[in-house]
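Order of writing sets the labels: A, B, C and D. Residues in every chain begin at 1.
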Amino acid sequence: MNVIGWALAGAGVLAGLGVLAAVVAPRRTRPAYVGAATAGIGVAGLVMGVAALSGQAFQARLPGLLPLAGVRIEVDPLGGWFLAVTGGVLAAAALYGIGYAGGGHGPSGRGVQAALPVFAISMLLVPAAASVSTLLVWWELMALTSLLLILAEHRGRPAVAQAGWWYAALTQVGFVAILLGLLLYAAHAGGDSFADLRAAHLSPALRGVVFVLVLAGFGAKAGLVPLHVWLPRAHAEAPSPVSAMLSAAMVNLGVYGVVRVGFDLLGGGSRWWWVLVLAFGAISALYGILQAAVAADVKRLLAYSTVENMGLVFLSLGAAGIFRAAGAPVLAGLALAAALLHVLNHAAFKALLFTAAGSVLRATGTRDLDALGGLRSRMPATTVLFAIGALCAAALPPGNGFVSEWLLLQSLVHALPAGGVVTAVAMPLAVAVVALTAGLAVATFVKALGVGFFARARSEAAGAAQESPPMMLAAMGVLAAVCAGLALAPAALGPALSRAVTAATRAPAGVVGGGVSLRLAGIASTLSPLLIAVAVVVATAGTAVLLRLAARRVTRRRSVALWACGAGPPTARMQYTAASFAQPLQRVFDDVLAPETDVDVTPYAESQYLVARVAYQARVSDRVEDALYVPVIAAARRLGRLGPVLANGSVHRYLAYGFFGVTGLLLVLAVTR
Amino acid sequence: MAVFKLWRKIRRTGRTAEPAPPRPAGSSCPKAAALSGSVQVRHVDAGSCNGCEIEIGSAFGPVYDAERYGARLVASPRHADALLVTGPVTRNMAAALRRTFEAVSEPRIVVAIGDCAIDAGEFAGGYGVQGPVADVVPVDVQVPGCPPEPAAIVAALRGLTGR
Amino acid sequence: MTDTSYPLYLDLAAGLFLLTAVGVLWRHQLAAMIRLFALQGAALAAIVAILGVHQHSLELILVALGLGVLRAGILPYLAARALGDSAAEARETRPVVNVAASLLAAAALTLLAYAVTQPLVALAPSPATAILPAAVAVVLIGFFTLVTRRRALSQVVGFLLLDNGITATAFLAAAGVPLIVELGVSFDLLLVVLVLQVLTTRLRTAFGSSDLDELRELHD
Amino acid sequence: MNRTASICAAVQVVVVVAGAPLLVGLMRQVRARLEGRAGAGISQPWRDLRKLLRRAPATPTGTGWAFRLAPLLLVGTSLVLAAVVPLLTTASPLNHTADLFAVVGLLALGTVTLALAALDTGTAFGGMGASREMTILALVEPTILVAVLALSARVGSTNLAEIVTTTLNDPLRVASPASLLAAAALLIVVVAETGRLPVDNPATHLELTMIHEAMILEYAGSDLALVELAASMRLTILLGLLTSLFLPWGIAGASLAALPLALAAFGVKVAILGIGLGAAEVFIAKLRLFRVPELLAGSFVLAVLAVASSFFLA
């Protein structure tokens, strides 16, 4: 029983205590206790992950805990990577949640509070599961508790209930897919522990079926288009600390599932799987960021950006699989490392962004960018923190998002020698997709920061906003520090990353290394984010000093009224809004987004040429949803109408169903025998 | 093709700018000393009949080419060192002119172009006329004429740039 | 021409050949399209001539001359005649697929051409077969132009692109189609262009425009 | 060795800072001459900068640190770029700090700071300029990176110095379709990134047609001087980058002896490019904003063709 074991046990105990506190503690102090317990669970997860990444291993079997198969726990570097990410996010988000709940904000009901620690530990147990049944149990537990958390505020807003429905439906569909896939796999493997699965020899067709089913299931959790529709709803409507946990931690487990099954258990498999993954990743990245670019609700924007980032991760996974199938293990290792690193980076900055957005929501009561603005002066700390997150999310140097996208691009750009028509055609397209995604991400987060936080307040609520309590700021500060560390010293992660990659693909270790500057295996490109950041800071400061010296005699900086072409000072309503900022992009991508705009002009009664009022409405709905889901739902409705016909309440009819059922079954048996 | 036509025209036309006349003696404005060879100008039409606008246009056109002396028209008064104001200041433009003047950073120079700008000219006492430019903002340089010759405008600008 | 520089020249000619096709999608003016087509004819002739010089075959060089005269001279001239001097006709105003999208489509088609020709190239790797993808890409782009452009004349240009691509493919893949076939095809082309010229002039006199969507109104 | 290398890099930075306004002056002069005007001389931009540095900057009401910081950051990123990109020497000590992707990222960072400053003013024109600039930035990215792919696929590295030295070693590659197409694509990108015609008109006075100018309408005095200087530096760096990638001859290694030659070669090459651009701007009109995507899509196709042709030959 080593560190990992103790940490796991501690997490279990803390979860129990958390549930207990949620039940017995008075409403006022309940969130503090539960939050503390959850944070403790997160720390435990972090410890487990770091220990696993530093080379420790842990295995356990608890036959009694589950009927039939029993529980198998095993923590390897791959699982450790996700444990560390999840644990870190949980700890920070839970601390933030304690502060968030102060002053009666956020949910404090018994059920919700009790669900929180259970959700936390189930997220830790999923990457630690070492058998199909164990994995499925924790997975379902995670799904149910997360559903409870999403529905926390359903009394307040009807949209929450709707989001809950979507989430419940899609997550259950996903679960069924995973269930089918893994049970099929286990049935042919003759055992449900991962060791048995690794050893199993399946026919290629069967392996393909298993992989597609599993991809669909885990893809739904990771918000892969077209299974993403629940994500922008649920992540936007959930309480902000929960949003951070969902968007920064839970989606990653979808990635974990695909890596575990696709690379580790199925051992790479054939190329078309990964072309599929690459294609869906590319589509998700582009579609997600396009929707984010035109979104005016800040949390919806962040949720769509999660779809984008998961798309990028799956794109790198696809590339890794293709390289592996093409017999280029080093490149495969690089691409997979890029995927894992991006999971970590995305978790860091997305948690920061969601918590910052939560602070804004808490302070102003609105998520609508067009009603915000001017927070720079009202909430300076939150603005700076959001700016850091935005820099990272926009994948600009020096930000941590840039590092992982750099790694991904390196693996894509140098793939041409890896040969094969598929790589030759797919890689340039992949590079183009990544590039366009990055560009749109820049535009998106400039919009979020510039419209939401800078300039002048567009509503009284934004004008009267107050800075968040220190607890929340501390949690966000920790996340920002993590972002900075990841951005400036990514090479420090080299060994851990290599271990995780090796655990997943048995690729040669040491794909990523170097000290101050990042060095890659097999590629001569180097990057030193730290030096870049230092250089930029030094150059900027030097410029400022030189300017002081050069402009000594200058009459000092004078403050003036805004220039409005000679008209009076412009009002806050004359500012650019999120909608107007995104309008050119929306128009360029008209064919993809298909925005609905309607202008109705109401003239005066006297003359139709005198315009009394012009109303302009524009909304961008999710096209995938309209095209794919609305018909399905309609069909389900029609099917539902058959119900009354079959079940009209007469007892005789029900008994008759039973009778005919039994006799029919007997008949079938008699015939088939 | 169009490009070749234009190229031939350019070759045939050659240089249209007239040789630079000798510089008018002395800087006509003490404030302009700091500018040293570069003055950005924002033009404000405070209610002119557009006669002066035409002359300003030709002053910056190829023939007189005020830009060769370091004067340039700019879009924002923030970028400007001097205002070229034309026309009698109408009641509706008075506030705008004052705001524009405020927007220019120190030291600001105001050049009144044309008789209307100097003493409201024809329109003095008109019901919509506030008065000459000097009533609204302090004027540093005056260019008389109705409308003034482009050469005169250029000379005034050279007085500012000192080239 | 040394053997080291021979592939370079061939590649440059092929690059021009492909670029002109993309240019046809890029430009709106019909006149510009025709100029580009003439340029492409020249590029095609250049490719054939380079092949001829490399293989020291007089026949190929003669064919190249003939191609140059026909594709870079006569056909563009006739097409320009068909265009006439009417300014209203002179633009491909709103193509079925907008220009940006068709350019992206062109990129995709080029990659597709590359993918499908790899087996052929693998059969007999040589500088000539190496640029086969460019020829096939021109075929696809020409077809795309034919489908997505509205003006009768830009469709003629698309058709001619298609034919240029086929010819280039023939010369690069095989030792070249027999001269007689080539002449026959070119003669058909000539007829097509003449017919379409007559048609467009008739249309313009009848409706004052040759937008093919307006032709649909004829049958009802 | 390392000391000489750092001296070379320092010289490079100084040359860029001192030469950038002259390049802009040269382009304006060319344009003036073609329009039949006399022109203000190529040192006019320096006169403008000197004067602007003497004038007081302004802080419009309701603006904050984003507005104050942007000019400094813009110049800062441009200085770093001037030190990283191999213009005079391929042996800059910062070579392994930033590769081609990082250079693209730093350029974008500068643009973003300016866009945020424009949004920070809260004026309609500022927002308009920022929105348009961001749109163009987003659409330009794919072209750049695919062109980078075409350039670096053969080299096996995206480090600029290695690409340049590889080109120096076999000059025939420059004439290959791949590199010609990539050059054409990147030229369009440079025009779009630096806000020249036909994407943006740097000499416009009509706010509604502005992109870059609209973002800096509120800057005055020394702030404006910094922004103008940075803009000209970015133009110089990008043109210099083009020449280094496609016509690298004359560029020096880590030796002071070769530096004068490199300096002369750099000056001539960039001047020729600048004259070409300035002359071209006389012949073309500004595109409508919503025709710009067509242009950028075209440049993207060129980049893809560059990659494709590098397969055709491989």
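Following the convention adopted for this analysis, contacts are C-beta pairs under 8 Å (C-beta built on N, C-alpha and C of every residue); 3 or more make two chains touch, one makes a residue touch a chain.
Remember, it's a predicted structure, so these values are computed and weren't measured experimentally.
Under the contact definition, chain A and chain C share the contacting chains D. Set against one another, A-D and C-D show the most C-beta pairs in contact at A-D.
The mean-CA centres of chain C and chain D are about 37 angstrom from one another, to the nearest whole unit. Each chain gets a centre from the mean of its Cα atoms; for chain A and chain B, those two points are 59 Å apart.
Put simply, the C-alpha centre of chain B and that of chain C have 56 angstrom between them.
Each of the following residues of chain D touches two or more other chains: 54-58, 207, 217-218, 221, 293, 300, 304, 308, 311.
For chain C, the set of residues touching two or more other chains reads 101, 111, 114.
In chain B, the residues that reach two or more other chains under the touch definition are 76, 78, 105-106.
Chain pairs recorded as touching, per the definition above, are A-B, A-C, A-D, B-D, C-D. Within the complex formed with chain A, the chain D residues making contact are 53-62, 64-66, 72-73, 75-77, 79-80, 83, 94, 96-99, 101-102, 105-106, 108-109, 112, 115-116, 119-124, 126-128, 130-132, 134-135, 137-142, 144-146, 148-149, 152-153, 155-159, 162, 207, 217-218, 221-222, 226, 289-290, 293, 300, 304, 307-308, 310-311, 314. Only residues 44, 76-78, 93, 95-97, 99-100, 102-103, 105-106 of chain B touch chain A when the two sit together in their complex.
Note for the complex: chain D touches chain C at residues 172, 175-177, 180-181, 293-294, 296-298, 300-301, 304-305, 308-309, 311-313. On chain A, the positions that touch chain D within their shared complex are 293, 373-374, 376-377, 394-397, 402, 406, 409-410, 412-414, 416-417, 424, 427-428, 431-432, 434-436, 438-440, 442-443, 446-447, 449-451, 454-456, 517, 523-528, 531-532, 535-537, 539-544, 547, 550-551, 553-565, 569-570, 572, 574-576, 580-585, 587-588.
Looking at the complex, you find that chain D touches chain B at residues 32-41, 44, 47-48, 50-51, 54-58, 204-207, 210, 213, 217-221, 224, 282-283.
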